[in-house]
Amino acid sequence: MTSLATLLQYIPYMLEGLIWTFTLVSGGLLLGFTIGLPLALAEVYGGEYTRTLVKCYIWFFRGVPLLVLLFLFYWGVFPSLGLKLAPLSTSIIVLGLRSGAYQSEIFRSAIQAIGEGQILAAEALGMNRLQAILYIVIPQILRIAIPAWSNEYAIILKDSAICFTLGVAEILTRARYVVITTGVALIPYLIAGVSLMILTYFGVKVLDRIYSRVKIPGLGVSLP
Amino acid sequence: MNFWSEFIVVLARGLIVTLEILSISIPASIILGIILGSLRVYGGKVTSTLSSAVANTFRGLPLIVTLIILFFGLADLKIYLSPFWAATIGFILCGGSYISEYVRTAIYSIEEGQSLAAQSIGMTKFQELIYIILPQAVRRALPAISNEIVYMIKYSSLAFIVGVQEIFSVAKTFNSLYFKSTEIFLTLALIYLILTGIATIIFKIVESKLKIPYS
Amino acid sequence: MKNSDIVLRAVDLYKSYGTVKAIDGVSLEVTRGETKVIVGPNGAGKSTLLKCLNLLIKPDKGRIWLEDVEITNSKTDICKIRQKIGFVFQEFNLFNHLIVLDNVMIGLTKVKKLSKEEAFKRAQEVLELVGVERSLWKRYPAQISGGQKQRVAIARALAMDPIIMLYDEPTSALDPQFVGEILEIIKMLSRNGLTSLIVTHEMGFAREVADEILFMYRGRILEKGPPTQILARPKYEATKRFFKEINRLYGAGG
């Protein structure tokens, strides 16, 4: 059995994995945002054909487990397209595609929460659709959506650990390495788990703080 | 054709295991969630703090880490759980914790007057909880609970990590033999979509059966 | 025919919320068969007082007896006591998830542990007494009117066979067209000898039904007396002002 001292040596190595966790999370959230916001706008303001397409996208990426999506893209889709993507890139893309589906629902609720009167008032002033969306709708929904978005952050953070199945060198993968090397299982995994819990907790707190700073008095939306 | 017929047989076997896990986890996590949620509100200082601590722990820990700790980590403490039970217990703890949060919120949303009226006819706190508060709170929490169950169906794929031969695991093994990855995982995706679709329909039916006119 | 047997007695009740003294030293007694009415401006503490009497709110100080059992003693089983006190709320507080019949029966089956048949018989009795038609018995609270809700609420309390009924502004949340019928029911029960303590704004009703009126002001019982005396010759300025205002707003029958 390995001693506690030896175990402690591995902690920096494990915590370094959090950098990759962070990469996965921010990459996934960012990609999800760039997909989700346009999708939400398309679903609310687009025609029937567009809406159906968006609904299919959402249905697929919300309904299929992350694990299946990871393997589907890594072993199936990307090779079929002739792409040789590393586990990290694949994970970020898959997390992003999935988050895009969830974020589009978040922004859609936010758009519906502010009401269509906003667009009407903007157009009455002479703005065209695009200007109305850019200057009136988006600034509002970005603020309203923060609470639901912080929930999405928590989910992606916890799901980032699943990417260990593709071998991404984030904290869970490293914990596993420590386990195999030292033969001690409980402590490394506990450390990984607790680290992720702490990151989740503080991240949500930060987002709550931001929300209370920027929120619009009297306007809010509940989690979808 | 050989590939597909073999694949379907393999999938069927895996599906049975998945359904076995779910048939225990889903009811058990709902029951745990209701009990834990009630304790968090109606329990004394110690019970409610303890229950909240348990719930917040298993909500904060990623499910995958919980499963790994239950199967690999507990072995350090000489507690040896089988893959099936490590997975099932993990799902129950995680799902139950999330559901306890929804039940807790729902209990708080019940107007105080209902509580006062129950007390005014001489009900004990326990009677008040069982006969008046929970029947209303659980109904309110139903959409959130059904959402959680849908999550559970999807995350059941994680049982593969601790070695359960459920549907994802068998598909993956099959893939290492045939390497028709896109077909295999796309079919798997479809199966999960169907499973969650069925669950959603079932819950819609349950919800409509339990509906009560509210002013 | 009243005998001097005291059903409910409260001595030196105090209740504060932070710095606000909701009840500032209240004592009262209700004898068997008596109907007492408590009136006063909003915020005087009337509702708080009523809720203290069956310990829905715990007073900071003071003692309360139901017949000869001290309610405020921590050893007393408050649930048993509450079975003997009927409470009617301003907002009805019918159990939303139960049909009218079950609302009345649930106290009988689960608290008094009667059999379903006995509970049904009793529920039937009280529902007919307060005038709830059979066709409504299988409806949910959300499907009946405010007046009917309050009737069911009264039936629910009556079904437990209480020795005293507490009414907390029973008509304040009702549409005007239903106020009269509820007051009639309360009057009928009072005339049949049911010991009652009523908080209300309805002065005409108070005058008709009360054996004694208590005027509550800023957490204290300022004045009390039979209706003819207190309404005709109020002693304190506050009382005078209150009755004057009520008369002005609602007319002499208000």
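Order of writing sets the chain letters: A, B and C. Residues in each chain are counted from 1.
Note that in this section a residue touches a chain if its C-beta (ideal position, glycine included) is under 8 Å from a C-beta of that chain, and two chains touch if they have at least 3 such contacts.
These numbers were taken from a predicted model, which means no experiment stands behind them.
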(request) Work out the mean Cα position per chain and let me know which chain is farthest from subunit A. (result) C
(message) Quick check on this structure: which chain has its C-alpha centroid closest to the centroid of all protein C-alpha atoms?
(response) B
(request) Please report how many Å separate the Cα centroid of subunit B from that of subunit C, as a whole number. (result) 46
(request) Report, in whole Å, the distance between the mean C-alpha point of subunit A and the mean C-alpha point of subunit C. (result) 56
(request) Would you mind pulling out the distance in Å between where the CA atoms of subunit A average out and where those of subunit B do? (result) 22
(request) Could you please specify the touching residues of subunit C with respect to subunit B in the complex? (result) 51, 54, 56, 79-83, 85-87, 89, 91-97, 106-107, 110-112, 140-143, 156-157, 160
(message) Per the contact definition, I'd like the list of subunit A residues that touch subunit B in the complex.
(response) 59-60, 63-69, 71-72, 75-77, 79-80, 157-159, 161-162, 164-165, 172, 179, 184-187, 189-190, 192-193, 196-197, 200-201
(request) Name, in rising order, each residue of subunit B that touches subunit A in their complex. (result) 57, 60-66, 68-69, 72-77, 154-158, 160-161, 168, 172, 175, 181-186, 188-189, 192-193, 196-197
(message) Applying the document's contact rule, which stretches of subunit B touch subunit C when the two form their complex?
(response) 111, 113-114, 116-124, 127, 131-132, 135-136, 139, 212-215
